[in-house]
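The letters A, B, C and D name the chains in turn, as written, and every chain counts its residues from 1.
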Amino acid sequence: MENFQSKDPNFETKIKQRLSGQHFMHLMGFDLIDIQAGLVKGEMMLSQKHLQQYGFVHGGVTATILDITMGFAAYTLMPVGKGVVTANISIDYLNPGDGEKIIAIGEVEKPGSKMVFTTGRVFVEKNGIRKQIATARAVMAVIEASQ
Amino acid sequence: MENFQSKDPNFETKIKQRLSGQHFMHLMGFDLIDIQAGLVKGEMMLSQKHLQQYGFVHGGVTATILDITMGFAAYTLMPVGKGVVTANISIDYLNPGDGEKIIAIGEVEKPGSKMVFTTGRVFVEKNGIRKQIATARAVMAVIEASQ
Amino acid sequence: MENFQSKDPNFETKIKQRLSGQHFMHLMGFDLIDIQAGLVKGEMMLSQKHLQQYGFVHGGVTATILDITMGFAAYTLMPVGKGVVTANISIDYLNPGDGEKIIAIGEVEKPGSKMVFTTGRVFVEKNGIRKQIATARAVMAVIEASQ
Amino acid sequence: MENFQSKDPNFETKIKQRLSGQHFMHLMGFDLIDIQAGLVKGEMMLSQKHLQQYGFVHGGVTATILDITMGFAAYTLMPVGKGVVTANISIDYLNPGDGEKIIAIGEVEKPGSKMVFTTGRVFVEKNGIRKQIATARAVMAVIEASQ
């Protein structure tokens, strides 16, 4: 990953404050475990509520944790007063998700003043073995955000 | 929409049976309200648990109900013994989601024996006014599915 | 299609002037045949130079005429002094392209001051029968463009 | 990149034979310069014919050389009697393309018997400095191909 510089030294605190409003993230049980300039990582333990009818992780779970980590990765590079919203996300599901834990990593590929290009990856861990189950790309739109 | 013909006359029953295994869908509170050959529609009332930090519907909610309705729309056209999984989904977020109710419609654009091309739309309703908030396209991969 | 209003009454003239700089479009032989506010249509006769090794239209030809018609469709809605560039394009190839003529239609789905969401479709005609071979979606970024 | 194993030891010869039918690739002047199992690289010198009205590389040129290198990267892993066609391609345009030379690299991310997930990158070189202008992902569908 490129070595990005944040325009707001308090980006980690700012993200942690915003997490309280991430109700859908909490419903799922997902947590951020690493917040750097241009990179955000999160994980959660998998249980029945995250599954679809074949017994694998629901594609919506994977999409949600990609959207969260890629969005916050972009947000780490925003100056004070700016936020981001997802304009487009495209997800490739490489493998069925079967495991005890799920991990998502969102990264900035190219920051900009109007849009930020990001990439994301999702892994599951089963018996200590990590397997990638999805790759994604998203265009994040920069918005005014006074909060 | 094109007038599609299902290869399994029991497709509606088959989908309803599968819904019991859709744990993540139930966690969200989403329900299917219309199941036709090549088209599936669902909806749910919105509450705080579906929101992100700006007070709008979480992008992950929108992605999940798109994935469900597009996947089941493809599934209505599967012969007995076949199922579908999402290979790629691409979602454009047109407007912020602000409303009392959210509706998703998934439709088949082009069926095939190995992959099915589908489209999806998501709307919110507020004070009786419906507004589209997302459009999506997905490539569904056909798999063997004995269940 | 929604009934869009252009912010520049000379949009058709402006596009025709820009076409002279579309060198790659001319290399292919593609021409615009309909320019409306929010919708642009073009076509060309197919010959060997447009094909790939299976004898079908090259995916790059399809991608190029989608990019052109979707980009100009967005451009019809730009005020004086603004232009658009493609940020993301996602193309589904529904059928192999086999025919005498190819037609592309680009349309605006949702205009905005920073980005414009567009959709596109490509058809081939063979013996008077028209068949759709691709569908696309693109996010166009609005830029300053003095020319 | 993962170390992929081709199922056909003659994959390089097979691709070189197919290039003669790549008419649109020849119209552009693009050549493959590296063919490995799971990775294909190509390049060309840029001239006026590759440009759009702002003087940058046409998005259709970028899309075409991505489609070619990603498709052939997938093809290197096909057993005898199988080919690939693009099902979906999604391209992010990171920077305007301004340079003397353009380079595309297509790589397999996840091979499969029905579909192959691939990634691609495009760079321009100007005064000896290389800059990435696009990233892409594509789902390639495996087909029967006797030729």
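Methods note: a residue touches a chain if its C-beta (ideal position, glycine included) is under 8 Å from a C-beta of that chain, and two chains touch if they have at least 3 such contacts.
Keep in mind it's a predicted model, so treat the numbers as computed, not measured.
Novice: Using the contact definition given at the top, which chains are in touch with both subunit B and subunit C?
Specialist: Chains touching both subunit B and subunit C: A, D.
Novice: Can you tell me which chain lies farthest from subunit D, using the average of the Cα atoms as each chain's centre?
Specialist: B
Novice: Between A-D, B-D or A-C, which repeats the contact pattern of B-C in over half of its pairs?
Specialist: Checked against B-C: the matching pair is A-D.
Novice: How many angstrom between the C-alpha centroids of subunit D and subunit B?
Specialist: Going by mean C-alpha positions, subunit B sits 33 Å from subunit D.
Novice: Taking each chain's centre as the mean position of its Cα atoms, how many Å separate subunit A from subunit D?
Specialist: Here the centre of subunit D sits 29 Å away from the centre of subunit A.
Novice: Just the number, please: Cα centre separation of subunit C and subunit D in whole Å.
Specialist: For subunit C versus subunit D, the centre distance works out to 22 Å.
Novice: Taking each residue of subunit A in turn, which ones touch at least two of the other chains?
Specialist: 87-88, 90, 92, 137, 139 - these are the residues of subunit A that touch more than one other chain.
Novice: What part of subunit B is in contact with subunit C in the complex they form?
Specialist: 90, 92, 94-95, 109-110, 117, 119, 135, 137, 139
Novice: What residues of subunit C sit close enough to touch subunit A in their complex?
Specialist: Interface residues on subunit C, with respect to subunit A: 87-88, 90, 114-115, 137, 139, 141-142.
Novice: Which subunit D residues qualify as touching subunit C in the complex?
Specialist: 18-28, 48-55, 58-61, 63-65, 67-68, 71, 83, 85-93, 96, 145, 147
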